[in-house]
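So, here's a batch of structures to check.
Shared between the two complexes below is chain A, which has chain B as its partner in the first and chain C in the second.
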Partner chain A sequence: MTEPVLEVEHLSVDYVVGAGRFHALRDVSVRVERGHVVGIVGETGCGKSTLARAIPRLLPRPPAEVKSGRIRFNGVDLLEVPAWKLPTVRGTGIGMIFQEPLNSLNPAFRVSVQIAEAIHIRKLREAGAATRTSSGGEPFDYSRGPEVSRSEALGHPFAVGGTAAETVVEKQANRRATREEVLEFLRLVRINDPETIVNLYPHELSGGMRQRVMIAMALSARPSLLIADEPTSALDVTIQAQVLTLMKELIDEVHASILFITHDLGVVAEMADEIGVMYAGHLVEYGPVQEIFEHPRHPYTAALLQANPTRYKADGPLSSISGSVPNLSRLPPGCPFHPRCPIARPSCGADPGPSLELVPGATDGPSSHRVACPYFSEVASPV
Partner chain B sequence: MAGGSSSEGKSGPVVAAPVRLGGSAWLRSLRDGTRGFFRILWSNPLSFIGFLLVVALAIAALLAVVAPNLVLPYPPNQLSTDYKQPPSATHWFGTDELGRDIFSNVLAALPLDLAIGFAVAGASLIVGGALGLVAGYWDRPGSLGGVLSVVIMRVTDIFLSFPSLILALAIAASIGRTVDGVVLAIFVSWWPYYTRLARGEVLSVKHQPYVMAARAAGVRDRRIVVRHVLRNVIEPLVVYFTMDVGTVIVVFSTIAFVINNVLPYPSATPEWGVMIQFYENFVSTLWWTVLAPGAAIFVTVLAFSLLGDGLRDILDPRSRRAQAAAGVPTLIPTAGESS
Partner chain C sequence: MGRSLFDLAIFIGKRLLYLIPVLFGVVVITFFFTHLAVSDPCSIWFPRSKPATLAACRITFGLNQPLWVQFWDYLSNLLSGNWGTSPQGVPVYSTIATALPATVELVLASLVLMIFIGIPLGVVAASAAGRWGDHLVRIFYLSGWATPTYLGAIVAAILVAPALGLPTSGEYNSFTPPFPQVTHMSVVDALLAGNLPWASDAMLHLIMPATVLAFINMGIATRMTRSSMLEVLPLDYINSARMKGLSEFVVLYKHALRNSLISTTTVLGVTAGGLLSGTIVVEEVFAWPGIGSYAFNAITGYNFAGVIAIVVVFAIGVVVGNLIADILYGILDPRVEWR
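Showing the complex of A and B:
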């Protein structure tokens, strides 16, 4: 078995706000195999976005505080990388697509400039890696920063790999090459007439177009892992379908692994190979997408599937989960779901809560079906 | 309209054809930018008036420095027998009690006053803006930047706790009653406003998703500040700066009015505030001697304020492109087309 792209192990993150301490993530372990799409589902406030931002260490600190755990990305523990070297990891390894396509592009720059910047950064890193390899270093060592001069780092985005000795002709050639590459990435995300689009400002694009540009930007860094944090939530249903189709097609074309964060069960069913279900900062169930949809083992997953409006029957009321999401600063003891759980028993409220256990019958593997509920056999599969 | 004839007859949507004049992309974008600039100025008559006034003031100031004999009807200090003349065709702004031409003096004062305005506001923009940028972006408590941020902001608080005019007066009075001294004094009391403004803008911009997106893309903090943050906070700063040029001139004139002997008057380089102070005693009889420099201050402040309003529109790509689109038909795709 090859090494996974991303391995999050027992990650716990708190938000410290005033006197309160909110347990945003508790002992979460996620594994993304090379070429796989892993979906993370859960309701608002369950810690999905915290997980997405914790991986490239984009959480604002304070208030966020990583309590424990490891985030192994391509074999490197990101929590060990010193802060000033992080841009190297982010620029080359991990791409991100955000929820807000309206604000994720800088309103002051044309599309071309923004994508060119991503390409520029990638080339700087590649150039840095190349000099290191030739001087006898490892193929790519994320723990070391890129060896680029200050003028290069601050230079114009089109001046790819620019040095003081670069001639005007070379600069023009580089610009043309970068522009070609920008157009290429725009074509990759199926943008019609990229020659016009590159010269537009973000506010002149529709939501779907902006999200495509965002995807193009994330891909232009050629990341090995793409983290998509609710990439389609702000889009209307038709555009959502287009973007999802696009991402599905791109999975094969760019060979990136994807961590897909969403609250939409339909979207994960469509996209993911494995899914993780989160509740109140805990990962309660994890496994291959088909198994979880057909045989949910955790009562929360079952309730979530039941509450899906596509299962709405004309004569009955919409199904919902009784009770409300617990306050993350005062989680109930034991299983976080037990106050709302239909099959809960007194022992469920005792610490320590259940941890992820292999479902009997599932073959033991890193991505096999696991559930954090000892009474999983009582959970009925949705019809 | 002239260029429309070539695109007529084509069917399909009208696309702004990329006109090739053989220039480089840079030249083309410069030309497009200039066009957009004027189109927006045109669309708002008041800011266009402000722009014209500023251009006129700049040309007049330049001429007053380069060729004083051409633009000044009389040497500023020349005494004549035409004393105590009200405004007339020979003496546009009248003469004072010794026959000096007021118009010549007001015009001769223009370069100095403009220079003072730009020097103080410009230095404040650069120093205060840079400090605000640093204090706003690197403000994590406990880090080096956080400490620096606290220090910068507390120092601005100290400066802002004094009324700026009183502070500038006190500093000017203690470091010397010269033009340089007063300029320095105003600057010292001036930059904290820019720091405050810049920091506030940075605080709102740095939490925008596009800054997070840039960080996620691996852009280093320094570059994020210089490119992504600065570009989005420069607009309110520049607008404030433009309007501030006039305010600085007023403050300088006020200080020159209050403090004796900042500039000897009459002299080869008069100054509006000094003139008003000098002619204060004649205000009931020779009212034009005070009104003329006062009006000059008023017009200068007005010009920069109007231009500042227009700049707000020009610097915002949203309004810039919207205005440009109103003038030139461009094909702007509005839906997320897919293949």
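Showing the complex of A and C:
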């Protein structure tokens, strides 16, 4: 069995704001196999985005604080990588698509410049892989290259294309090649007329276009793991459908490993191989997508599936989960879901229950069906 | 309206047209202030003179005529290029033509220091917000901000400059450089003449006054950069730049600073325009033959024509500083259209 691309183990993250301490993530474990798409579902404020940003270490250090856990990416624990080496993990290693296409492109640079930057960094690292050998010692094979020199990590602020030793002709050729590649990636995300689009600024593009550019930018680094943090939530419904279709097609074309974060169950149902359901910073259920949809074992998952408007029937009101999401600084004792749980018993308020236990009948494996509720047998499958 | 060069030209033309009412107002106000404040300037210019001499003086300078006639004469002379003379008969225009470039040189030099020291300090402060780096930067720029110009200039001249072995007086070591003064900017003239020893001498003379000006006025650039960096840094495009694998240096100084510079530029343009009139004390202390020294002498010598011309030049400085800031603003921010 091959090693997974990403293995998050027992990750806990707090936000320390003023006197308060918010438990954004509690003991979360996620595993992304090579070529798989893993969906993370949950309500607003359940810690999905914190998880997405914690993996490439994007969380700002005050207020965020990683309490415990490990983030193993291609075998390296990212939490132990020193801050100045983090750029070597990002881009070619982990790429990311953000929620707000309005804010995720730099307003001051043309589309061509922003994508060329990503391509340029990948080329530098690929060139490094060909000429430089690893200095040995620590395993530093984050993605596709050996160790990157400090000067490279410090950067190449303004150059697009090549090292100082290059001749002018080579530079021009490189620049042309990079531009060709930019156009190629814009075509990959089905942008019509990429020759015009590359020369535009982000504010001259529509929301859907910007999100396509964002996807092209993330893909152009050819990351081994792509994290998509609610890539369609900020778009209107028709554009959402287009972008989702695009992403579904791209999953087959580029064969990427993807961690897909969303609040939309319908989205994960179509894209993911495995899904994890999050509630109040806890992962409450994890397993193959079909099994979770057909036999949800956690009362929260069942309620979430019930509340999905696509299951709306003409004869009744929309179903919803009573109560509201708990305040993350004052989580209820015991199971975080028990105040809203239809099958809760008195002991649920004291005993936090198991953290993800294998569902009986499921074969034991890294991505088999697990649930964090001891009374899972009482959870009814949705009709 | 758009972003073509044609739009830019129209934009600049319009802004220069605004100069006309501004300058007219400035001339009216300074003219009447100076002439109403002093009832008989001739007796101040030439004290202990015979009444006949004073009467002759009044006729020469037209002071025996009604005020509005005097104003009309002054204005028509100004429009025909005659800026008047000092009481001693020195033409105002030629004095300003030699003094203004010296001040512009001083202001540009301190602007360079403010840009290349003040702005990076702002970036450092923002990226270390709330930590010791931020506090150190704040102590530095606040101490500059809080320093009175006369004190800073004098301390620099009598304590700092001797310690560093830097000259503290004038533009060159000698008053008579062996080359023509084409631009009246000391370094530029020496370089135009290809005289490197004199050019380096001129630069050494420029260091102290420019540093004092920059130190005192740098805070605004640092503070502005810091606060707009803090607005930009939490935005998603900074994270998406990080997620390309760019180093923190490139993320800060290319992606974040480029967007923060927009407000810093505006402030710096206004500051630079205002600095023209802010050099008076520094020029006096460092014997810099600029417009500040001239302003000081014109005011203390009741040189009305000189005072009005200087105020007009300062007003032009502020307007042009603003105009340049607006142009840079449009260049830095692709969303701006010239209007």
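We take it that the second predicted complex is superposed on the first by the 352 of 383 C-alpha atoms of A that agree within 3 Å, B and C clash if a C-alpha of one lies under 4 Å from a C-alpha of the other, contacts with A are read in each partner's own complex, and residues count from 1 in each chain.
Please note the rule applied: a contact is a pair of C-beta atoms (placed from the backbone, for glycine too) under 8 Å apart; a residue touches a chain by one contact, two chains touch by 3 or more.
Fair warning: this is a prediction, and the values are worked out from it, not measured in the lab.
Three-chain overlay on chain A, with chain B and chain C in a clash. In the overlay built on the shared chain, the residue A:P87 is in contact with chain B and with chain C.
Touched residues of chain A, counted separately for chain B and chain C, are more numerous for B.
Looking at the shared chain after the overlay, A:G18 reaches neither chain B nor chain C.
Of the two partner chains, chain B is the only one touched by A:D193; chain C is not. Look at A:R61: by the touch rule set out above, it reaches chain B but stays clear of chain C. Of the two partner chains, neither chain B nor chain C is touched by A:P346. With chain A as the common frame, the single stretch of chain C that clashes into chain B is 109-117; none of the other options in 109-117, 163-171 or 199-207 do. Residue overlap on chain A between the chain B contacts of one complex and the chain C contacts of the other covers 56, 58, 62, 87-92, 94-96, 98-100, 103-109, 117-118, 121, 125, 153-154, 201, 203, 214, 217-218, 221. Contact residues on chain C toward chain A in their complex (touch as defined above): 130, 234-237, 239-250, 253-255, 258-259, 332-335.
Listed in rising order, the residues of chain B touching chain A in the complex are 15, 140-141, 208-210, 212-223, 226-228, 231-232, 317-318, 321, 331-339. Of all residues in chain A, only 56, 58, 61-62, 87-92, 94-96, 98-100, 103-109, 117-118, 121, 125, 153-154, 190-193, 196-197, 200-201, 203-209, 211-212, 214, 217-218, 221, 239, 242-243, 245-246 touch chain B in the complex they form. Within the complex formed with chain C, the residues of chain A that make contact are 53, 56, 58, 60, 62, 83-84, 87-96, 98-100, 103-109, 117-118, 121-122, 125, 153-158, 201, 203, 214, 217-218, 221.
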